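Lettered A, B and C in written order, each chain numbered from 1.
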Amino acid sequence: MVDTVNENIASDTGAEPVAVPQDTILEVDRLQTYFYTRGGIVKAVDDVSFQLGRGETLGIVGESGCGKSITALSILRLVPSPPGRIIGGEVRLEGRNLLDCDEDEMRDIRGNEISMIFQEPMTSLNPVITIGRQIGEALILHQGMSQNEAMEKAIEMLALVRIPEPQQRVKEYPHQLSGGMRQRVMIAMALSCNPKVLIADEPTTALDVTIQAQILELIVELKEKLGTAVILITHDLGVVAETTQRVVVMYAGKKVEEAEVLDLFQNPMHPYTQGLLSSIPSLGILSGDSSQVEERLTEIPGMVPALNDLPVGCAFAPRCPYADDQCIAAYPPYEERSSGHWAACWHSDKLGGRTHG
Amino acid sequence: MTSYLVRRFFLMLLTLIGMSIVIFLLLRLMPGNIADIMFDSAGFVDPAEKAALEKELGLDLPIPVQYWEWISALVVGDLGFSYVSEMPAIDELAPRIPITVKLALMALGFSVLFGLPLGVISAVRQDTMLDYVLRVISLSGLSLPSFWLALLILMAFVTYLGEIPIYTDPPDNLWDELLLYTIPAAAVGFRTSAIIMRLTRSSMLEVLRQDYIRTARSKGATDNSVNYYHALKNAVLPVTTIIGFEAAFLIGGLIITETVFNIPGVAHFLVEAILMRDYPIVQNLVMFIAVVVVLINFIVDLLYAVLDPRIKYAD
Amino acid sequence: MAATIDHDAELAKAGAGVEGKWGAFLYFCRRYPLGAAGGVISLLFVLAAIFADVIAPHDPLATNAAASLSAPDQSFVMGADMMGRDVYSRIIHGARISLAVGIGSTLLGGLLGVIIGLMSGYLLGWFDLVMQRIIDIMQALPLLVMALVMAASLGPSLENTIIAISIPLIPQVARVIRSNTLSLREMPFVEAAQALGMSEFRIAIRHILPNTMAPFIVLATAQLSSAILTEASLSFLGLGIPEPHPSWGRMLSESAAEYVRTAPWLVIFPGIAISLAVFGTNLLGDAIRDLLDPRQRN
């Protein structure tokens, strides 16, 4: 599976040298989502932009608390408020700014044009409603199906996500299914209305390692089949390598790097990305650099800064081996460092080609 | 399921046996017995006569023997005789029980009818003016003593209608009876509805924070569907428990209300019997209350299994 | 939609910039206005109880045949009862009894409940089994019925009323503390203490007990108001505080239904006193629960 994906990446990169595909379906433009808390303003998402092409898979990577989940919730306008508020920017679905839509219009979009899969399959399904009804709900809402039609379609969807005995399962309750099965139900639910965009927020994190690969494989396969564009949010670079074409790296609420997946792995231009890469074991094989395998895994020293008390300069500076006075004094500009490869670091040049890996 | 029922049955039996011992000992601990009270009111004490009365009532026997006599009679349905009226206790209690049961059912109906929907509204409109008003009302329900509320209602009737709607004769028909019980039932039910409302509110707020609510919103479900379908279906589960619990505990509120409104139910009768040390009435009545509480709790547990698909009393 | 956002206003609402004890206090008042109101009422209640001798214009026990049933006027602001005792003074002094019974029985019931719950949840085994059954028995009767029988069997006095009310409060406390203890004993910090060879008793007291205090305080404030209410009910039924002590419930019981017609001040004022005291403690209790119960937090 990894091979085929890599082929895809290679061919995509060959055909389209520009990172942004021409046929963009979703654009997030200078999005800002702040949380107003007792501790002050938490800039959970600060000036984040990216584009998602039709049928593309985009990865958003970062540690927990870096704002990637809030970015996803902001797109669907599901940020809990209070304390959260989307205070700036635009989210355009096929050119239409979702932040200008009223609640009714937004409801038509949720589950219909943009769907979401959540991290916790154990708690994300309603425990007292049958699986069939939960899948059918979106169909009844958005496609005007009757209860019976919705049940038929729910069975079809369960079969699609390869749940055995879908006729039986459709009448069961979530607690009767395992975690992996529940995540399949979530996928069936999210894809039931054939959405244009699927946001998967850490879809495999809560699952057993053996199940993780199956679920990812399923998402990739269905995406190909249905032509859905996918935003895959994860902290796992292995997952990114296997499934996505382009990656956005977030740190402390900001986008710090964006590139084609292969480019990013071979040529990280932000020390944070570099740190992430050297903390995963399988990397040596992937980047084709055998010496990496022998090397000891390194971890990024320090902790993610508190988002309500960010420094003036680069937020990563306190943990960064390259940090100097400039990094502490001013936030680095987010610039295109090489074709389709953007990064926000004063020292991107020094990092090129992984010479310091 | 069967083994669960058997286990539950034995636990219930154990609780009731324990209850009977507790209540029996408490009554025997009371300072003074019926003989003291009767002779006090007569103004003189002839020790021989008093001893004769105690002997007649069996109060001179050792406490374990007295207990055994009570329980062995109770098992075969013999409740003994009231010390005060000297009538069979069953004849004293039987006509009073339906009155209290009707009052309790009316009060419960009132509580659920108001408590549940208002609790949901309060949660859905959290921190709005409406929520504040409803919370203050529900808190008043918890704070106003039911006897005072009953007195205020009586006062309003006296002031504006010139008459007091208290029980004098048995009502002629069911409609008159219901009419007569409406005010006492409301006075008692206010507190219960407040409890139900508060629990519904906090249960709803708890549920509305759950991940599956976010999932429902992400599917494009409307606010009404999220609140009244996805959330309420979950939030109502703990409320069921409290409704059962409160149904049994309404008897506490009725003790006061029946007293104020002079309604001849069992709750009122219990106080009179305690004051008169009428043991056969008190111990049988308290046992009856305990049986009702335990049974209702059991029914609620079974109901819970029906409402919550996660619970199966398999073994 | 992102047009006008006032950062400072949003932050103030969320309670940012709160510093020091005074700041925290002001924030509490702003965030929980009802709770602050409850605090004020409770404070008045406590002050009335402490300074009853100074505040009350008359001796609450002094009878005065000439003043029998006199309506509220300048010398008797809330009127006088059948024996000519000043209702206002009796209400002020009644705060003492209410407070004594309320706090006394909540603390006594709480103490016993905490001990039973902690031992039950920590020791488990036969002790827990027996305690669970006893608690089942205690919970098979409504609070008022249990307190009624207890009060009757102990005889009417202040101490006995406190005991009679505290006993039925035990099961709830014991249940809450037990279930908290059960989950706490699985916590890593308890396992760590065990691994360090700390004695079981020390672990229970030093590590588990402090962590059960938040739910206990939440429950105890709720129980305080129901204890006050139960005292009033018992006294109303003639089984609580004996004459001539000025208990609010007792003041209402003296054939109150009769005075509904002739002397409504005897019904209205003591009732307001009970309701206000219970209402205040309830408001405060709610705010404390919101503050201490992390599940209730936003």
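Just so it is clear, contacts are C-beta pairs under 8 Å (C-beta built on N, C-alpha and C of every residue); 3 or more make two chains touch, one makes a residue touch a chain.
Source: prediction; values computed, not measured.
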Given chain B and chain C, the chains that contact each of them: A
Identity of the most central chain, Cα criterion: C
A-B compared against A-C, more contacting pairs: A-B
Where chain B and chain C are represented by their mean Cα positions, the distance between them in whole Å: 22
Rounded Å distance, chain A centre to chain B centre (Cα mean): 55
Separation of chain A from chain C, taking each centre as the mean of its C-alpha atoms, in whole Å: 51
Residue ranges of chain B in contact with chain A within the complex: 210-212, 214-222, 225, 229-230, 233-234, 237, 307-310
Chain A residues within the chain B interface of the complex: 76, 78, 107-112, 115-116, 118, 120, 123-129, 137-138, 141-142, 173, 175, 186, 189
Chain A partner contacts - residues on chain C that touch it in the complex: 1-2, 5, 7, 10-11, 13-18, 298
Of all residues in chain C, those that touch chain B in their complex: 34, 133-134, 136-137, 139-145, 148-150, 152-155, 225, 229, 232-233, 236-239, 249, 252, 256-257, 260-261, 264, 267-268, 271, 274-276, 278-279, 282-283, 286, 295-296
Residue ranges of chain A in contact with chain C within the complex: 32, 36-41, 82-83, 85-89, 99-100
